[in-house]
Structures are given as structure tokens and as C-alpha cells.
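One chain, chain A, links the two complexes that follow: it is found with chain B in the first and with chain C in the second.
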Partner chain A sequence: MDLGTRKILDRSFTAVGITSILLMAAALLVVIVPIFSGGIGAIFFKGTIEHRKLQYNEFGNGDKEVMQRQIEETNAYRSRVFAMLGEFDAELESMEPAESKALRSSYKKVREALAHLFGPLPGDPEPILTRYQYGTTRWEQAEEALHDLMYVSKWDYSDPTQMAKQYFVPRTDDFKGTKLAALFPYMEENLVNMMLPEQTFYWGFITDRSLDSHIFGGIWAEIQGTFFLAVGAMLFAFPLGVTAAIYFTEYAKDNIFTSILRSANSTLAGVPSIVFGLFGLAFFINTIKVSESKSVIAGSLTLAIMILPTIIRAAEEAILAVPKTYKEASLSLGSTKWRTIVTVILPAALPGIITGGIISLGRAAGETAPIIFTAAVSVGATIGLADVFSSPTPALSWNIYNLASEHEAANEIRHVQYGMVLALISIVLLLNLSAILLRARISKKLKG
Partner chain B sequence: MAEAPLNSPQKPDAFVMTPERLRRQRIAKFLGEGFLLVVASFVAIVVLFIFYFVAVDAIPFFQQRGFGEFFTSTGWYPADEPGEFGALAIMYGSGMVTIGSALIAVPLGIAAAICLSDVLPFAVRQYAKPVIEMLAAIPSVAYGFFALVIFAPLLQNYGGPLLMWTWWLIAGPFVFLAVIVVSDLVTSGSQSTDTRKTIRWTVTVVFGVIALFFLYYVGRTLNEIQILSGTNALNVSLILSFMALPTIVSVSEDSLQAVGRELREGSYALGATRAETIVKTVLPAASSGILAAVILGIMRAIGETMVVWMASGNSSHIPEPWFNYLDSIRTLTATIAGDMGEADQVTGSARYHVLFAMGLLLLIISFVSNLVSERIVVRQRKVLAGE
Partner chain C sequence: MQMTAVEKEAQTSAAAGSSNREIFLPPERQRIKDGGTPHVSAKNFSIFYGNFEAVKKVTADILSKYVTAIIGPSGCGKSTFLRAINRMNDLIPSCYATGTLMFDGEDIYGRYTDEVQLRKKIGMVFQKPNPFPKPIFDNIAYGPRLHGVKDKKTLEEIVEKSLRKAALWDEVKDRLDRNALGLSGGQQQRLCVARTLAVEPDILLLDEPTSALDPKATAKIEDLIEELRGSYTILIVTHNMQQASRVSDYTMFYYEGDLIEYAPTKQLFTNPRDQVTEDYITGRFS
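For the complex of A and B:
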């Protein structure tokens, strides 16, 4: 080959390497940026009057007088709508049966959309579920509801080679010449006055309980559950892991027994997380019965087993990184081996050990598969510290799955899902970031 | 450490070793080391327990139904009476996403590892490492959420153009590089410099035009593809490759670092470029370590639950044709996670035990590949140490 070609190959080789690193960074951004921007929307959004009503009634937040005034203001506009509905009802009664039958189904849709916007309409029975007691609390949902009201969606199947296309027909066409025709332009013009959107900073998303399985309210129960599970796992795994690491670094002889133990450690690190879940179910719950059924303690024990190898490895590395001179100095002063370990080696290795612990804590907080069968429930209230031995808990990781794929209204509570993912990622990344910073400080210190 | 006050009152016999004291110290040492040993063996005991308890619940399934159906049938109807428990399609799905993610993650990961260990200056490397760590730290359910809520609709609505752009961006540069190399190889003869230059330009242009047509044709074909469902094997493979990347990069980087400077310097001294040094000298020396990295990375993809559960479509069939990555699939892990909710009620049934059988299968696969990768790493260390 020519020298020129070889040079080109060399350059492109470098380019491929750098591109692959940039691609990894891009992958990270592509995953994180939409989650961050979506997650912010759970806390910072345009809230309607219904949001303030809900906040005041259910959580006691907000200024009552301002709210009362705003409710009156909106009711002034809404009453026109209700009046039109009443007039149309009367008109519908007086129509020919065939004529009114044609209008009824479309009219039902109108009423549904309005009830979705404003909460129960006058004449409707008082709903039991919280989700029907209030209208749309978020402005962008109100706009969607308005679109549903204004247009009928239809599908175009005319071209058999293409997928069906959706198109919209104005709903006014159905009601031409009736008293309801005036409703549609009125709604379009006055929606803002009827909903009064305001930029809202809903801090309560993190600290409130959830209402009607996450249709409204916050995610405190999940955050607390995640905290219990992860901290519980650390309580078991951290002391065990550090002790085992001391054995491996200071006491283990280089023989077959030790290498078996080491193999066991890496085997445990490679076990798929769902198998930990199976094991937790078969052993902790069905065999030794730490609890009747799912419980926080069973989940914590399962997670503890899962993070044990990580903690052992990190602690081993941290202990091995302590300069040999420390140990030799201590031994030469006449202290015993154990004393050397406890008073010299462990304090020097502590930051490194804690770094490993923090990373494992993040891993325990983020794992889902081991807690599916051992600790997680979809809907639940916050549990007290005394309940950890008997009752299961909602947890961020599990509820993200549950809300995104199994919730009956998954599409309407995307903001809650994004908020949960953001909360989980923030917890895990903050833990990791602190571990990275801590490690940078240690390496600086060891360099002197 | 607190400094001991110098004038603290010491007992006069503090450093005298009486036989009684020696004996006590020896017992304490024995007990202490015994305790440490027990704690350290805890991990091994746990591994044994996991194997035992998963196997105990898996064996009844094979006793009831035998091996044939589980490994050869593609019918998965656990809810029926008497039910059919053919896991072949499910295993095929697991294999498919694993291979798919390996196809993406292995080249990318090895290229990134080479770049980290041999190309980038130390200062830049400091910034690349946290990126990899963060990629590893993001919880799997967050990746699953991304795959289901953000990526799947994107793939469904803009699948064709997306595939086409990816094809152009990735295949384009490589195809043109191949054109340059091939025309160099074809025209390397003994003609005079001037004629050779002319011939080479002609050949390059001809090949280039052919390559352009090839790229355009494939791109157009890809552009016309309609993806019916965004939750498919391609989506899952891509996301799983993100998750396998950190493992592959960090383990293969370690193994590349372990290849000493001498080999590299020897190669440079013979006049090789950096690319030639790495491809012909460093990579062969580090190959076994990289293999271990690939095995570990693949293990992450096989054992991953949440992403496949949320974004694979969960339909247990072998895609038609067999390599169709745009079809929905179902994997072992997702089946365990998804079916246990219903099966748990009837503990003791084949429906419950079959999930443990799948768990046992996963466990054995992970155990074997771990052992293999460990062996490989140990052997490489020995070879590089010159033993």
C-alpha cells in the first residue's frame, strides 16, 4: 500500500475511535435530555384553576380567598356553557326521535369532553373516583380536551397500500342550526377565562401522596419506598462486604479455596437480576418466611445479595490502594495485625470503601427485577418504619414500569411517569456524582 | 487517628506477654480469623443457595413435562388447560436481542476502548470516564421507559428515514474508505508514477460511483420500510447495547492497558502507523481479554429484564423471516417477570415451575460464561507475564 493510503487509514482509525466515544456521549444525552425536559414538566407547568381547587381541597395548599374569587370568575364564563347545554337538552326533547337519535351520540361526546375539562357537569351524578371530581389540572391537557371537543377524528382508509391516515372534521357540522352551534366558537374564545392557567411550581409533586393511583398528586410513597429498600440493602450488605474484603486482602492465602471464593464472587456479580428475584421469592418468602408475602425486608435482603459483590470488589480495591508503608509502619510499632487493620488500614481506605458503597446504594435504588416478586406493589400509601417487616411498598423503579405499561390511563399521566424517572435518575446520578468527586479527592490526596 | 497523649498513665505490665495472655491472644486470633472466613464464605454459600433454590423449583417442571417440549416447541400457552410450555421461540428472542445488541455494542465498545487506551491524551480521558460510568449507572427501568415512551413512537413514525440516515452516516464513510483502499490495492503495480496516478484516479472514480449507487440503492430501500410497531427487537437491541457498552469498554480497556509498552514501541520502531500497531500488534495480544469483555457485555444483555419487558412487544413467536429485527419478540427474562404475577397464585403448578426452569437456564448460561471469561483473563495475564 502507498504511504498516503496508510496515512488515510491511520487517520480514519483515530476518527472511528473518537466517533465511537462521541456516540456514547450522544447516547447518554439522547436518553437523559428528553427525560429531564419531560420530568421538569411534572413540577413546573401551567396549572389551571382545577389544579388549585384540588390542591386546596385535598392538601390544604393555597390561598382560599384568591381561589374563591377565581372560581367565581370562571363560573361566570362556565355558566354560559351550562346554559347552552340546558337549552340544547330542551331542544333535543322537542325534536323528532330519528333526528335526535342522530345527534345524541355526538352530543354525548361533547358532554364527556366538557366534563373532562370542567369536572362534573350540572345534572351529572356526583362521581366517586377523584379523577372525575376535578377537571383538567394542566393547561396542555385542557387544550387537548378542547381539541377533542372541537373536532371529530376520522380515519382515511382510501389508499390500501398506505397505513390509514387520521384527519379531523369540525364538530360544529353535526350541530348546524341547533342551539348548541354557538357553543363551539364560545369555547374556543373563552377557554382561558374558564380555566385561568397560571405558571405553577408544584413542589408537592415530590412530597405529596398520590391521589386515585397517580392521576393527581405526588410520588412521596415511591421515593420513601425506594429509600427504605436501598438503605435496608446497604445495612445488610455493607458490613458483610467490607468484612469479606478485609479477609480477601489481608488474610486469604493463595490457595484453591480462596480462588473458589473469588469465583463465587464473580459468579454472583454475573447472575441476572431477575434470577435474584426468583431466589428472593423461593428462599426469603417461601422457605424461611421472613414475611408472609412481599415485604420491604424481603426486598432489601434480595437487593443486599445483589450488591454484595460490588461492595466487596470496591472495598478490596480501596484496601489494596493503601500504601504498604502505612501497614509496615504500624506493624513495626508493635501493633497486632488486627489492630493495624482497624486503626491504620481501614481509616485510610474508608473514602474508597464509601465510594463503592455509594455506587452500590445507587444500584440498589435503581434495580427493579429483584423487587418485583419480593417487595413492590403498584398502588399503596407510605408505610411507617415499623411496617417494613410485614408490608410491601411502592418504589420508584417498579412504579415507573407499572405506570408506563400497565396503568389504565398511561397516556394521560405521562408527566407523572417522566417525573418519576427524573426523580430516580437524579437520585442515582447524584449518588454517582458524589462518588466520582469523592474519588477525585482521594486520588489527589494519595498523590500528595 | 487520635494522637495518644505522651504522659498517659500506663500500666507497668502493659507490654509483658504472660503465657495466659498469649493463649488468650491466640484464641482471639483464631476466632477472629474464623469469623472473617465465615463472612467471606458467605458469598459462596449464597451462590450455592441460589443454584439450589432455583433448581428445586425448576426440577418439578421437567419431572412433569419432560425436556422435549420446553426446548423444541414454540407454542407458549401457559394459561390453557393442560397448557403448552414450549420456550423455543422465547429462547430465540433472547438470543436475537443478545446478538443484535452485541453487533452494535462490540465494534463500538472496542473502538472506544482503543481510543481511551491508545489515542486520547490523559486529560481528555478524565472526561470520557464519567460518561461511561453514567451510562452504566442509569437504572434499567429508565432505559426501558426511554425505549417504550420516547424511542418506540419515533421508530414507528419515522422508522424508514431514521434507518436511511443511520445507513448513510455509518456505512457511508466506511464504504468510501474501502473504495480508497481497494483502488490502491488494485493499482499497486510497477508502472511509472505518472501512469499509475492516472489509473488510480480513474479506478477510484469508477469504484466511487459504484459505491455511491450502492449506498443510494440500499438507503432508498431502507427509507421505504414501514415499521408497524415501535416495540420490536431492533429497539431493544439498540437500548441493550447502550447498557452493555460500559462493561465492554472498561474491561477491554483494562486488557489493552495490560499489553505492555514494549510491544507497541517495537512495532513503531519497525515503521508501523498507530492504526497498524494497534490492529496487528496490540489487539492480537489483548484479544483474549477483549473476548472476556465481550462475554461479560453479552451477559448483561441476556440477563436484562426491564428494557425487554417494556419494549420488546412480548409476543412469543419466531420472527418471519428469522432475521427480521423489526418484529416483536419475547425473552426469557421478560417472561419470568411478566408471568410470575399470574403464576404466583397457583404455586406448585407447571406454570409456576416453568418460570424457575427459565431462571435456571439463565443462571447456568451466566455461570458458564462467567467461568469462561474468568479463565480467559487469568490465562492472558499469565501469557503477558511470560509464564
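For the complex of A and C:
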């Protein structure tokens, strides 16, 4: 191959390489930016007076006097609305039935939107679910509710070749000439006064329990569940994995039995995680009955089996990377094999072993499939350390899926879903970061 | 005739220390009396890597308290022979030995020989300096700790004594708690010698101890061997024939697994009996 062709080939390969890296970086940005901005919204947002009310009543946070004053302030504006509603109710009673019937369905929508904004209206029965006991806690949701109140959604089917188009007509048209007509401009003008939005840092999102299945409150139960599951998995997998790696590198003879073991280990690394989940259910829960039903311990054991091959391989590579001369030096001083392993080889291999361990920990924290059948529940209380042998737990990975797809109010709690994703990503990134730092630190110590 | 020469040498060395190296000593000698006690003796000793015979039926005695150099071209089996003495070859799975190799009346490759106990008495320094990635103190104290010394004061004494013997004490006494990998190559190698001495072995095996060092550091190691002469039985494998002639009392020349010639160093270098030896030491091949 002549020089010209070689240079062209080199250059085109460089171009292809850079392109693929740029594509990857772009993909990462496309994923990370929305997750980050959405997730931040769970902690940093404009909270209404309802948020502060909820926080005080349910979690005991906030300044009671300020809140009382603000409630009075908002009530002054809201009472005007309630008064209008009362007047309109009376008007409705006095109308001809046909006339009132035409208004009733739209009026029902008005009341629904108002109840969504303010919580239960005067005269409504006291709701049982927490989600109906409070108005909207977030300002952007209040604005949406206002929009629902102000406008009627209609569909335009006039062009059969096109998809129907949605358009909005002001609701005030329905109520022209009634006492309720004044409500709409009043609402638009005074919504801020009725909700008092303030920039809010809701750190409690991390540390609070969830309220009414994640409609309100935080994600502590999930974070703690994830922590228990991942750490539990490490407690089982790390000692086992390191022991196996020592066996493979230092004790195993080069025979068929060893190569079968090795390929079994590699195969295990390639098994889909859902299979581990089924295995966990079939073996840990149904066969050896580590617990009556789903439990943290069953989930941890399942995750441990899943991450075991990774730990073994990382530890094996780390041990093999220890210079043979260390081993020779130790043995030549009259050390036993075991003593050499413990005092010389393992300390030198430690950075690699720990890195493998922490990366596996991150994987265990993020896996969903293995815990579906063995440990995870959608809604659950925060569990204590003593409950791990008997209770299942909510966990970030599973609840992200659950809240996004199966929750009855999935649309209203997008911020919680994003918040959970952000929390999970942060946990995994933090673990990986600590692995890097720890590795650097130990390596530095070893290099002197 | 030969025996008398040996006896004469024994007498002179008893009188004038071990400095007398003029006396001829035959390589085939079986038993040599005081001052020339065989410390390690090989009889029809072969080492195999699988089917390959790396050391072929060697019969030789290595004399107590003398410095014996092993020379020969690469792949001639000299390192293999050296590493057989403290059974470091055990690390190579396909390696096995036949014949006998005795150390102080004990069969090194005997069925009931504890290689861990053996290595305590037969220390080794390797080609590349290989200190542990630990503080200097812990490096030296590693051996004594292995063998049960726990008392801090005793350990400190051992460390100082060993480092002094290895002529390293003055250079490192203020930084015993620093990582040994921070030392220079020559210092690291002397540290390895000190680490070996701390176990108080009877024999010191040096496997090309200066091949990774610069001339200055090499000179220090050679001085060190000079210091240790007479207190330990020293075996040194080297590629450097000048070094062999400088430091050793006896020299073994290996070629393709055979022990071609084994004689007092001076004689081997000035008056080799074998043509191959002569070709090698005159640089006709290497």
C-alpha cells in the first residue's frame, strides 16, 4: 500500500472515530439534559400555599405563623370565589330546568377545576384520599388548572382528510349573563393572590416518605430500599467473588474442571437479568424459602448472583495484574501461599478489586428485572433494618417504571418520575466517582 | 593429590579467613573438609520443563561460606538451577526435578520437605528489584513478622541490623516509613538484600542482581557481596563475566543445561580446561 492511500485511510478512520464519539456524546446529552432539568423540578419549583399547608400538616415543616397569615390572605381572595359560587347555585335553582341543565355540565367542570386548585370547596364532602384534601401544590399545575377553568376544549373534525384539531373556546361564553360570568376575569386576575407561589427548595423530596402513593411527598423509601438491596447484594457477592477469584488465579489447576468453571462464570455474566429474577423467585423464595414472600433478603441474594460474575472477573484481573515478583519475593522469604495472598497480593490488587465491587454495586442499584419478583413493591412504607428478612421494599429502579407506566395519575407526577431517575443516576454516578477516587488514592499509596 | 590441595586450602582459609582463592579445587570433588563443607550438593540432578530438560544431570557441591558464580549464555539453565535450590521453580506448573539436591543433609525435593521452612534458610534476591509496595520498615520486617517476631523493639533492631549489613542504613534511616518504591533502583536492590538478610538465611541466592542497575549501583552491590563474603554461602547468577571474576571464589559454567566446568574462579578464567568455556569467556559466543 503506498503512502498516499495509507494517509487517506488513516484520515478517514480518524473521521469515523470522531464521528462515533460525537454521536455518543450527543446521545448522552439528549438523555441527560431532560432528566436533569426534569429531576431538578422535583426539588426546585414554584410551590403554592397548598404546598406549604401540606408540608406543615403532614411533615411538620415550615413556619406556622407565616403560613397562617398567608392562608388568611389567600382565603380573603378565595372567599370571593366561593361567594360567587354560592350566588350562582341559588341562581341555578331559580332557573328553568331546561336552561339550568345546559349549564350544569359546564358548571361541574368549573367546580372540578376549582377543587383541583383550592382543595375541597365549601359544601363538598370531606375527601378521604390525601390527594383531594389539598389544592395544587405546584404553580405550573395551578396554571394548567386555571386553563381548564377558563377554556373549553373542542375538536375540529371539519376536514376529514386531516386528524382532528383541538381548539379552545373561552368558558365564559357558556355563562354569559349569569352571576358566574364575573368569576373568570376574577380568577385570571387574582390567581397569584389565591395561590401565593414562591420559589421553593424542597429538599424533603429526598428525605420524606411519599404521601398517597407519590402524589405528594418524597422518595426516601425508594432510596433506602435501593440502598438496602444493593448493599445486601454486595455483602453476599463481594466476599464470595473475591474468594472465587483467589481460587481461580492461585489455586485452580489448569484442567477441564477449571475451564468448565470459568466458562460457567462467563455464561452467568451473559444471562439476561429477568432470568435471574425468575431464578430468585423459584429458588430463594419458593424452594429454600429465605422468606415467606418477596423480601429485601431475597432480592439482595438474587442481585448478588447477578453481579457475582462481574466481581469475580474484576478481582481475577486485578490479582493477575499484581507483578509476579511480589509473590516471588514473599515466597522466597519463607511465607506460605495463603499468607502471601493475604499480605502481599490482595493489598496490591485492592484498587482493581474495589473498583469492580463498586461498579457492581452501581449495577445492583440500577437493576429492575431481578427485583420485580423477589423484592420490589410499588407502594410501601420505609422499612427498618430489622424488616429486611421479611418485608419487601419500594426501590428506585422498579418505581421509576411503575410511576411512569402504571400509576393512575402518571401525568400529574412527572416531576416525581424525573426526580427518581435523577436520584438513581446520581447514586450510580456517585458510586462510580467514589470508585475512581478510592482507586486513585490506594494506587497512590501503593506507588509511594 | 587433589584432596591434599583441598586440605591445604582449608588450613589456609582457617588461618587467613576466606580470602585465599589461589588454590586449585576440582569440580568433581566429592567431599571437602572444613572450610569447604558442601552446603548444597547436587547428584545427577535434572530439571525439566515438561519434556525439555533445562538442567542435565548436574553433580556438584556448593561450598559453605564461599561465593560461587554461575555463568553461561542465556537459556543455559543457570537461573533454573539457582531457583531449584529454594524451590522457586514450584511456581511453574510444568516444572519437575529428578536426581537429588541436598541442603544440609536434607533432600530439597524430598517428599516430606517443607518448602516454606526451606526458603527461610535459603534467601533469594531477584533480577529486578522487587520491594513490596509498603514502607521501607515493613519491607524489612516482613520476613521476621512472618516467622513470629511481634515485639516492636526487636523488629526495629532487626531492621537496623539488616539495613546496616546491606549498607543502606545511612541512606534511609530518616524515611523508614516511606514507600520503598520511592527509592532508586540500586537502593531498592540493596533493600531486597536487606529484606532477605532479615530472615537470617544460611544461603543467599542472587539471580542476576545487577542486570537492571547502572554501573554505580552495580559497584555498590558488588561491595555488598564483598562485605557478606565469609558470613553466608552466596550463589550469584550473572551475565557479566567481569563481575563473576571480581566477586566469586568459584565459578560454574553452564552450557545448554550441562555443567561444563566448575573451578576456582581464577583458574576458570585464566586456564579453562574446556574448549567451550574458553570460547565463552573469550567472547566467541554469548
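Annotations
The working rule: the second predicted complex is superposed on the first by the 422 of 448 C-alpha atoms of A that agree within 3 Å, B and C clash if a C-alpha of one lies under 4 Å from a C-alpha of the other, contacts with A are read in each partner's own complex, and residues count from 1 in each chain.
Just so we're on the same page, a residue touches a chain if its C-beta (ideal position, glycine included) is under 8 Å from a C-beta of that chain, and two chains touch if they have at least 3 such contacts.
Everything numeric here is computed off the predicted structure, so don't read it as measured data.
Of the two partner chains, chain B is the only one touched by A:M1; chain C is not.
After overlaying the two complexes on the shared chain, residue contacts for A:L430 are found with neither chain B nor chain C. When chain A is checked against chain B and against chain C, the one touching more of its residues turns out to be B. Of the two partner chains, neither chain B nor chain C is touched by A:V379. Look at A:D254: by the touch rule set out above, it reaches chain C but stays clear of chain B. Touch criterion met: A:K327 reaches chain C, while chain B stays clear of it. Once chain A of one complex is fitted onto chain A of the other, the partner contacts of A:L28 are limited to chain B, with no touch recorded for chain C.
Of the two partner chains placed by superposition, A:V192 touches none, neither chain B nor chain C.
Overlap of the chain B and chain C interfaces on chain A comprises residues 334, 336, 343-344, 347. Interface of chain A with chain C (complex): residues 253-254, 323-336, 339, 343-344, 347-348, 445-448. In the complex of the two chains, the chain A residues touching chain B come out as 1-2, 5-10, 12-21, 23-25, 27-28, 31-32, 34-35, 163, 240, 243-244, 246-248, 251-252, 260-261, 263-279, 281-283, 286-287, 305, 308-309, 312, 334, 336, 338, 343-344, 347, 359, 362-363, 365-369, 372-373, 397-398, 400-401, 404-405, 414, 417, 421, 424-425, 428-429, 432, 436. Contact residues on chain B toward chain A in their complex (touch as defined above): 1, 15, 25, 29, 32-33, 35-37, 39-44, 46-47, 49-50, 53-54, 56-57, 107-109, 111-112, 114-116, 119-120, 128, 130-135, 137-146, 148-150, 173, 177, 180-181, 184-185, 188, 226, 242, 245, 249, 273-276, 278-279, 296, 299, 302-306, 309-310, 333, 336-337, 340, 344, 347, 355-356, 359, 362-363, 366-367, 369-371, 374.
Within the complex, the chain C residues that touch chain A are 86, 88, 91, 93, 116-120, 123-124, 126, 128, 130-134, 142-143, 146-147, 178-182, 192, 195-196, 199.
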